[in-house]
Every structure is written in structure tokens, then in C-alpha cells.
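This structure is in C-alpha cells; I'll ask about it shortly.
Chain lettering (A, B, C and D) follows the sequence in which the chains are written, and residue indices restart at 1 in each chain.
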Amino acid sequence: MDTFIQQIFNGLTVGSVYSLFALGLTLVYGILHIPNFAHGALYMVGGYITLMMMTHAGLHYVLAIFISVIVVGLLAVLMERVVFYPLRNTPPLQDKIAAIGIMLFLEALIQFIWGAEYRSMPTPFGRVVEFLGITVTTQRILIIAAAVIIMLLLYLFLKKTMTGAAIIAMSQNREGAFLSGINANKTAMLTFFISGALAAVASSISAPINLVFPGMGHLVILKAFVIIIIGGMGSIPGAIIGGYILGFSESLGAAFISNDYKDLIAFILLIMILTLRPKGLFAREVQ
Amino acid sequence: MSVLFDSRFLSSALLIFSVLFPFLTDNQYFLHVLSLAFIWAIAVYGLNLIGGYTGQLSLAHAGFFGVGAYSAGLLMVKGGMNFWPALAAAVLITTVLGFFVGLIALRTKEHFFAIYTLCVGYIIYLIIYKWEGLTEGVRGLIGIPSPAPIGPITFDTPQSQYYLLLFFLVFVIFIMKRIVHSLIGRTYMAIRNSEELAETIGINAMKHKMISFVLSTSFAGLAGALYASFVRFIGPDIAYVNIIFDMLTYLIVGGIGTLSGPLIGTIFIVSVSQSLQFLEELRMLIFGPLLIALIIFYPRGIAGGIQSLLHKRKKTLQIRKGLRQSAAVEEGK
Amino acid sequence: MLRTIGLTKKFGGLTAVDNVDFTIEKGMITAIIGPNGAGKSTFFNLISGLHPPSGGKIFFNNRDITSLKPYQTARLGIARTFQTTHLFEQATVLENVMIGHRLRTKSGIWDAVFKTKRLKREEKAAREKAYEALEFTGLVGTADRLVSDLSQEEKKRTAIALALATEPQIIFLDEPAAGINPEETEKLGQLMKQMVSKGITVCLIEHKMQLVMSLADRIMVLNHGKKIAEGTPDEIKNDDAVIRAYLGGGKSA
Amino acid sequence: MKLKKGLLFLLLISLLLLTACSNSSSSNPANGNGKGKKYEGTPVNIGFSGPLSGPAAYYGENILNGMTLAIEEINENGGFEVNGEKYHLNLVSLDDKYLPNETGSNAKRLVQEYNTPIVYVPHSGGIFATQVFNEQLNFIVAAYSSEPDITKQGNDLTIRIPPKYEIYLKPFSEYVMKRFGKKIAFLPTATQYGKDWAEKLEPVWKELGGEVVYKSSIDFTKDTDFFTIVTNALKKNPDVLFIGGPSEPTALVAKQARELGFKGGFLVMDQAKLDEMQAILGDWGMLEGAVSVLPLPYSRNEGNKNFIDDYKKKYGKNPTSEAGYHYYSVYLFVEAMKAAGSTDDPAAIRKHIQKAIDRMPSDKRIYDIRKVEKDGGLVTPFRMGVVEKGKIVNMSEKYKN
């Protein structure tokens, strides 16, 4: 029983990171229909900025995350302006290839500046605590708490503010949103900012239990796509629930079915979902 | 000037050049790179048929490439088969698998099809990766023989392998050309354009998508089988998603939905990335932005860019001609 | 010629077409009108088979075509156009229209690869058929131009030519006159009359009342998916229910 | 506007191609070494094809560091003499992103354009792809991979640099079993190397009276968090965990095991290095009871102290064993060239490797290699280190056989 609770907790930790990361991806997809493969690179840059702010500038962990969020958010906006905006009238395929170009570039850039080696991120929350008969570290509790808080904040922002409403409106009906006077440019930039910020948070809070290195984005990007497909491309609750579904399927699947075949299980699950519900679990019914 | 742009002239010149190429250089490296580019180009033509012409972007083609490579490799290494029957069998296996995948996958549309096939490709990769008893898993399959001789023609030198691959590439391009410029190709393009419209003018879209998909997987399988006997070592990585992204890059840069696009794109990207080698770990620093610039300035690819350029020229010529004629008419009045 | 009995289509909780009984007589021009969202296009989609109906039956020449797919109804002689033309912009007009004859051909992939006699014959037939349709629609001069270079009205006519190339007995036109000027609209009316004189039955959805009133032999009015009136233009003009529908709900045309 | 864009683009491309061409035709290409400096004598190009971009770039970088250090030293010291003629070395390194087909292209390029008698390839797929034609094109594959099939192929021009892992199995097992107990859980990396290790370790462990209570592997290229799998392994109450893979993620596995309350020992596969793991974890505490190959900096001796110091000075960190082996091998090949009396006859160089081993200067013997096997494998003596009471203890002598 203890193992079961422990695995639930493990799934919750991993799922929180997945959800945060996938949220940004799904937001961008919902509004601009861009499958942003460079999202993993944003995640990676986020980890590096936080790390460098801590080790080189000597900032506190939380402050470093804050700076990283701003920087990566702006980087995402820059990406939108320089690359995706000129491509707004081309099919999404072109965006995909351009995103791969961005990814290659950012990885090479980070490797050029800070080298290819693995780095570990120190954290003030490294204590091990016993909790309901399971073992956790404070960092892991932080991950879950931070993810939930951020997702709540994002929810409030999207539901309760005008700007947030514009994002939702644009993702539901682009033309309608234009007609009702929403500034599409501003909304796109804002969405990219949020998506970059979310990627930076996800990597910054998970880096202390992982490692920071130029290729770290590869580990999450494919999974994030799985998540937003499960959840329905562009669906915000879908991304959150999809993230936790994948987190739990990894922890419980590895525990009770087979660790070696857990990836295969996940993908076959995905194929089955798509066969039965070709547009994902949470996609809106569109005529 | 205009004769330079004539496609018949251009393609025969290209063909003659590629036939003579081994005589122009004894640098095996060029030969090797070009041979590999031919293999990729064959696979990219497959991708172009279903994605470019029929409008159903399949991301499972790296998987099918892997299936072709592993079928051929395993039949030769573990089944002791000769290259030629193994090649035929590999193409057949890939095609049959493609048929069954298509049967389910083609029910989804647009980007859901792309994602669905991405997952199929990933599952193929995982199966190759995990099924050690058959595929040797991560270790990979070694000792794949090079193509067996046909009568007096042998394929153990790089030159002869180059010609073999060139032959298959020309063969594939020929088939593509015949298809694209026929009623069949127009049918595919009609489906790409609007499946609804195609259906209402009497085209059984599902059937044609199916044929196009199956044929395109057989190209991927062919390329995979050729790869296996050319590189003579295969690992699960050849079915990984990175490979499909490479293929996509070749296709998009060259020009999706054009006949020359896959060839142009493949050779262009391969040679650019080879010539950036001197930058070592920094090469992606140049390659990434270059790729982005290409996509932004030539969203329809190099071939598409040339096409619209030619069209514009033709149009201005026509307008000028038209003006002159009307001027003449005016004068005659 | 074409008859629907109790035709119904539901999307989720919404009933887009509600229990419509309707008959189209051979050799006539029939118009379907109604406010936006009345279910007119859905009605077309049901007949051509793009959507399976939720209830009711469709008969074409006394044959039950309710569950047929669009490509099957097309082969029986039902053609249609869409509000947006969906043409292949990067190809020429001729190339676009040629494909309309595809349903009368049998060539497959092997014919293409081996360039068989059958393929050559059928391509020739398709070309001739396309020219015929272009001539009929007055587009011969534009045959070699790219669709992307055409005007909106020319695109509409190309779409009609494409539909004609399928050799239909009946043609459904979805707002053919939308977005074109009055002079061109008049020409379009002429074109429809020519079609009828060639023996093709015409059914159209249109918002331009003038066109409808001057052209149609019979009119059906849909509102909220229900048929509220049917009759000659004069009858419709004076129908209370119709006037109420147009004035009361939705935008007027 | 359109024209300008097109022109700009054309310019960019032609510039690229130009630089590429001019670079490949110059005699002093690619790598940073030798730039701006003229060395005496004829250059001998040494080729390298490995991952320099992408997720495995760090691995490639370490290897290049070791090679570059050796080559610069040799050149700074006036090069070397073969048959009375002066030579210096020039490193040509190409990126293959870990892809075998790219390795194939690179190797051909290195041999055709740079005449490299030796091409270093640090991954088994690339080695297999190169072994297809290396005898025909006449160059030595300096293979850095423990994959046994590499030397089983009967390739006459292959040198396998790293040691075989079999020698570690028994002594490592004996040590951890005695100190912690008989129950072991397997959590190595999911690569072929990890699997081979596990397969060979199991019978050895059982023979010593032990029990394997859990068997799985971790895919470091796909998993980010190991709490799940470590939880599963610990459920079986093992006394020892068998872990391994790249040092850094392996260190995380150890750390997370400790966080989950594991008190036993670690049997660490030789791919991971204790000192690199410690660098990630910050101190030795978490690694208490770990047994693995003795890291270079902890066995300073006549043969390696200069190397360790120089490396640290140049790169600001301790040398990894990849760096050490590659540094060593460069000197070895130079000795072999001297002994063979040729810089461009790979067969002769290969033939004189044993002689070169015998003649290696004592201050370059990073590893006490005494023999090359018939199949081309270098025989490295046994090295073992354990973490006891917070520091590394050299156990090489005690557990030797």
C-alpha cells in the first residue's frame, strides 16, 4: 500500500511538470495552430538561465526563477515576432520546420556559451521528509504546489481578465475574435510570452531533481505532444489532465505492468484514444 | 536563357551529370554522400506523394523506412537470403504493413492524421528497439551484405553502388512523374485541395488516399532496404522521429508538392550540412537560422520558389505581348 | 426527380434540418431560400451524401440514395458547388476542370506508370469534356491561366464548369452569386437557364432575391431547419410565414 | 525588394559554400589546434567522427579534449620523428550526431580529403558502419566502445581502446556483497552496454551466493525522473543497487535512492565514474559504499600526474576516463608510427602497436597497458575504487584476481 501511495506521489510530481510544460504548448497551438517544436528549447534555456542566475549572479533560487521566467517569456515573444509572424499565412508544416530550426539554433547557442556538460542545480529545498508513510523531498512538494498554484493563477487570468478572455476567444474562434476587435498581434505575443514563462517555470522547478544540459528539452517535448494530443490539441484542461494521465501512467504503469514497456503502453494507449476519439479526449465537438 | 529553364533540358542535363559524376571525381566521400542523398530522396519522394500531392502528411515514414531496412537486413543476415529477393520482400512487407496502418490511420484527417502517424512511427521504433530477439535491439544489426551481383554486374565498389542507387532514384522519379502528370496525380491533388469537393465530383477519396499511402510507404520501404545494404549496419535510430523530421526538412526546403522538390531539398540540405562541418559543434548555430530563413523567404520551397518566379516571368511576358498586340490594333485602326 | 421524405439532421442537440419533405422536378430551376443558419447548406450536404442524415429518406430517380457516399451520388448524376470554391489555386483552369470527368474514367495507378492506351484515351476524353464545360461557361479564354489569377466571378464559373464536367443530371449550386456584381449576376442567371435547356436540372441556394425571383420555377423556404413554405415565386412573395421569418428572425438577405 | 531578398540569400549560400571549400582545401583545417601556429615538419592528420552536437555532445567534447591536449603537447615539443623526418599532428574532427551513416560519410571524407591514417570513432554503431570499408580504404579505426562484436568481426585495422568490462564483475560483486549483503537490484542504463553488463553480472552474483531481487533498466534518453523505478526496486529490499550509464544521470539515480531511504551499497557500472558522480552530488556522503572503476585523479602516479594537472589547468575540471584513454592513445599511435617507420601505412602502424606499448614513455602511461590482443583490443589492468567513510579508497591491488 505504501508503494502505491508513493507511486501516486511520484506520478503527481512528474505529471505536474508535464502539465506545466504542455500547457504552454497547447496555448500556442490553440491560438496560432503552430506545433512549436522549439518549446523544448525554451524549457532548456529556462533551466540554464535560472541556474546561471544562481551560480554566477548569486541570486536566490526563487528570484532566479523569476528572472528566468521573464527572459524566456521575452525570448518566446521574439521567436513569434521574428519567425512565426512572417510565416502566419503558410501551412503549419512550415512552422514546424522553422521551429526545428529554432531548436537546433538555441541548443547550439547554449552549448556554445555554457558548454555541453551536465550541470546540477542546487536548491534550498533539498530536505527529505517523511509524510504519510512515504518519503518525499521538499523540492518535490514544491513542484506539486507550485504547479497547482500556477495553473490556478493561469485559470483565473484566462477566465477573469479581459486579456485572458481574448486568448480564449481567439482559440475558440479566430475569425470571430478578429471581428470583435481583438488585437490578434498582441494576443499572439502575449500567448507566446505565457508559453515561454510556463516552460521556464517547469524546467526551473524540476531542474533540482533532474540535470541541466543542452539536450534536456528532447526528453520532454515528445511527451508534451503526447499529452496535448490526449487532451485534445489546444484544450487547456486537456493539457493539464493529459499531463497527469501521462505522469500516473508512467509511475503506475512502471510499477504494476512493466517498466521496460511503459513507453509502448503509453503510445498504444494514445493510438487507441485517437482511434476511438480522433480529436482527443477534450476536444470540442465542432460541426 | 529560357532554354535553361526548360525542365526537359534541365533534367537530362542533370541525369547526364549524375551518370558522369563518378568519372569526374575519385573522391569516395562525395560519392558516399551523394549515394546517401539518393536514398533519402527516394524516401522523401514517398513522403511527397502522400503528403505533398495527396495532402495527407504522414509522419510514420521514418518507421516504414526502418521496417524496410530491418526486413531487408534480417532476411539477409538471419534468413541468409540474397539481396534481390530480400529487397523485394522488404518492399512487400512494408507495403502490406502500410496497407493495414493506412486502413485505420486514414480515417483521421488533417493534423490528426499527422499525429496519428507520428505515434505509429514511434511505436514501430519502440518495437524495433525492444524486440531484441528479432532485431538485436539497441546493439543493431551488423554484417548486412552489399547487393548481390546480377550476372556479371557486381555491386561491391562504391561506384557500382552509386549507379545502383541512382537507378532506383531515377526509377522512383520516373514513376512519380508518370503519376503526377496523369489523371491519377490530378485525382490526388484534387483530394489534397479539398476532400469534400473531390468527393462531390465523384472521387472515392478513401480509396485513392489508401493507394497513395500504400505506394508511398513502399517507396520508404525501398529506401530503407537500400540503406541497409549500403551502410550495412542498422540500429533502431533509423526509425526514430528525428529521421522523419530530417525527411520533412528536405521536403519542405525543396518544395512540397513539386516533382523536383524532394531531390533539390535533399541534395541541398545534405550538402549544406556537410559543408558546415568545419564549424563542428557550432554548425547548428548557422544551420538553424539558415533553415528558418529558407522557410520564411521560400515557404513553398526552392522548387516552389522557382516555379512562381517562372510563372511571374511568363505572365509579364504575356502582358507585354498583349500590350504590343493591342498597340498594333490601335495603330491599325 | 429528387425527393426527400422526412429528412432530418441533428448535430448534438441542434436540429439543423427538421423533417423536410421536398421534391425537385426535372428540368426546372428550384431555389432554396431562408435566413442564415436555416439549414440550407446542410440540406445540400445531406443530399450529396457529405453528412449521413439522422432520419428520413432521399430518393433520386426513384432510387434510395439515403446512405450513399458523395462520390456515389456524384456518379449517379448529382453535382454540386460550394460557397467557397475550393479550387486548386496553383493549377490552371483547364487542369482544375479536367478532374471533373474523373468519375467516368477507370484508369488506375498502373495505367499511369505504364502510360497505357486507356489512360491516354481517358485523359483525352477528360480534356475534351473540360473544354466542353469551359465553353459552356464561357471560360475557354482562361483555360491556361492559373486559378489564383482569376476574378471571384471567374472562379465561381470555374467551379460550375467543374461540376458540369461530371456530366450531371442535376446540379446543386450553393450561393453561386455571392460576392459578384449585378451585371455578372445576370450572366450567371443566363448560364443557369442554358443548363436547364441542356436538360440539367438546377437547384440553388441564394440570398439575392431578385435573381431567385426572376429565375426560379419553384422555391422552398427553410427556417430553423423546417420547411415553412413552398411554391412559385409569386406565392412565396405573399406568404405570411415567409415574411415573418425574414423580418422577425435573422438577417435579411 | 524581392530581388534584394533573393540576392541576399544567394550571397549567403555562396559565402557558406566558399568558406567550406576554402577550408577543406587548406592543409590546416577544422579544429582549433594549430590555428595561427606553424609547427615543424609535415602534418599528419588524425581523424575523429563523433557526436559534437545534440544530446551526446558532452561525451564527444570530453574525448576531443583528451586528444587535443595530447596533440598540442606533441606539437609544442617539436613534433616527432619518423625515419629521420619531422612530423606534427593535426586533428580533424567532424560531427556525426551519433548516426552511423554520418560516421560513414565522415570517415570517407577524412580519408579522402585529409588522408588520415587513423579515424577515431567513439560509438559502436559508427564503428560498425566504418568497419565495412576501413580495410578497403586503408585506415585504422580507433574504436572507443566496449561492444565485444567490434573485435569479433576480424577486422585487421581496428584498435579497441577501452578495457573489457568482464574483469570488474567478480571483484566488484565480492566487495559489495561482503559489505552490504546478498540481495541486489538491477537498475542499469537501457543501452546495449548496460544490458550486456547486467547479463554477465547476474551469473557471477549468483555464483557468489547472491540473489537478484529486481531486474529492470532505465532509459536515460527518455526518462527524466527516477523516483518511480527506484521505488519499485527498493520495494524488494535490496542490499545493493546495480546502477550505471552516463555519470551524471547515474548520480541522480543514487541520490534518489538515498532520498527514498536506501542504506545499502552501489555497484556502479564502469561507464559511470565515481568522481563525476560526486561532482553532481556535491559530496561523497550519498555514494558511501559505491564500488566502481578507480577514477584517474585518485590514483595519481608517475604515469598520469602530469596529464591530470595539465588537463585541469587547460579545461578547469578533472579529466574523465574517455579523455584519459584518448590522450593515451594519441601517444600510442605516435609511438607506433615511429616504430613502423611510417605515418601513412595503417597496416604497419597496426602491426607495431605492441612495440609502441612497450616503448611508451613512462610519464605518458596514463593506464598501465601492457598488451594488445590479436583482435586489436588493448588490455587495461584492473582498477577498482570504493567509497568508504566519505572518501575514495583504491582497492585495485587488494582485489586483483
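Criterion: a residue touches a chain if its C-beta (ideal position, glycine included) is under 8 Å from a C-beta of that chain, and two chains touch if they have at least 3 such contacts.
Here the structure is a predicted model, which is why all the values come from computation and not from measurement.
Each chain's centre was taken as the mean of its CA atoms, and the one lying most distant from subunit D is C. With centres computed from Cα atoms alone, the innermost chain of the structure is B.
Rounded to a whole number, the gap between the C-alpha centres of subunit A and subunit D is 35 angstrom. Subunit D has its Cα centroid 71 Å from the Cα centroid of subunit C.
For the pair subunit A and subunit B, the distance between C-alpha centroids works out to 33 Å. Within subunit B, contacts with two or more other chains are made by residues 281, 283-284, 290. Residue positions 53, 57, 61, 190 of subunit D are each in touch with at least two other chains.
The residues of subunit A that reach two or more other chains are 104, 107-108, 111, 116, 260, 263, listed in rising order.
Of all residues in subunit D, those touching subunit A in their complex are 53-58, 60-61, 190, 216-217, 219, 221-225, 227-229, 231-232, 235, 246-249, 251-252, 256, 259-261, 280-282. The part of subunit A that touches subunit D in the complex is made up of residues 3, 6-7, 10-11, 13-14, 17, 104, 107-108, 111, 115-118, 120, 122, 128, 135, 137, 140, 206, 209-211, 213-215, 218-220, 250-251, 254-255, 259-260, 263. Residues of subunit A touching subunit B in their complex: 35, 37, 83, 86-87, 90, 92-94, 96-98, 100-109, 111-112, 116, 222, 225-226, 229, 233, 260-261, 263-264, 267-268, 270-271, 274-275, 278-279. Within the complex formed with subunit D, the subunit B residues making contact are 27-30, 32-33, 36, 137-140, 142-143, 158, 227, 231-235, 237-238, 272, 274-278, 280-281, 283-284, 286, 290, 293-294, 297. Per the touch definition, subunit D reaches subunit B in the complex via residues 5-6, 9, 12-13, 16-17, 19-21, 23-24, 29-31, 52-53, 57, 61, 93-95, 98-101, 104-106, 108-109, 111-113, 124-125, 128-129, 132-133, 137, 147, 149, 153, 190-192, 195.
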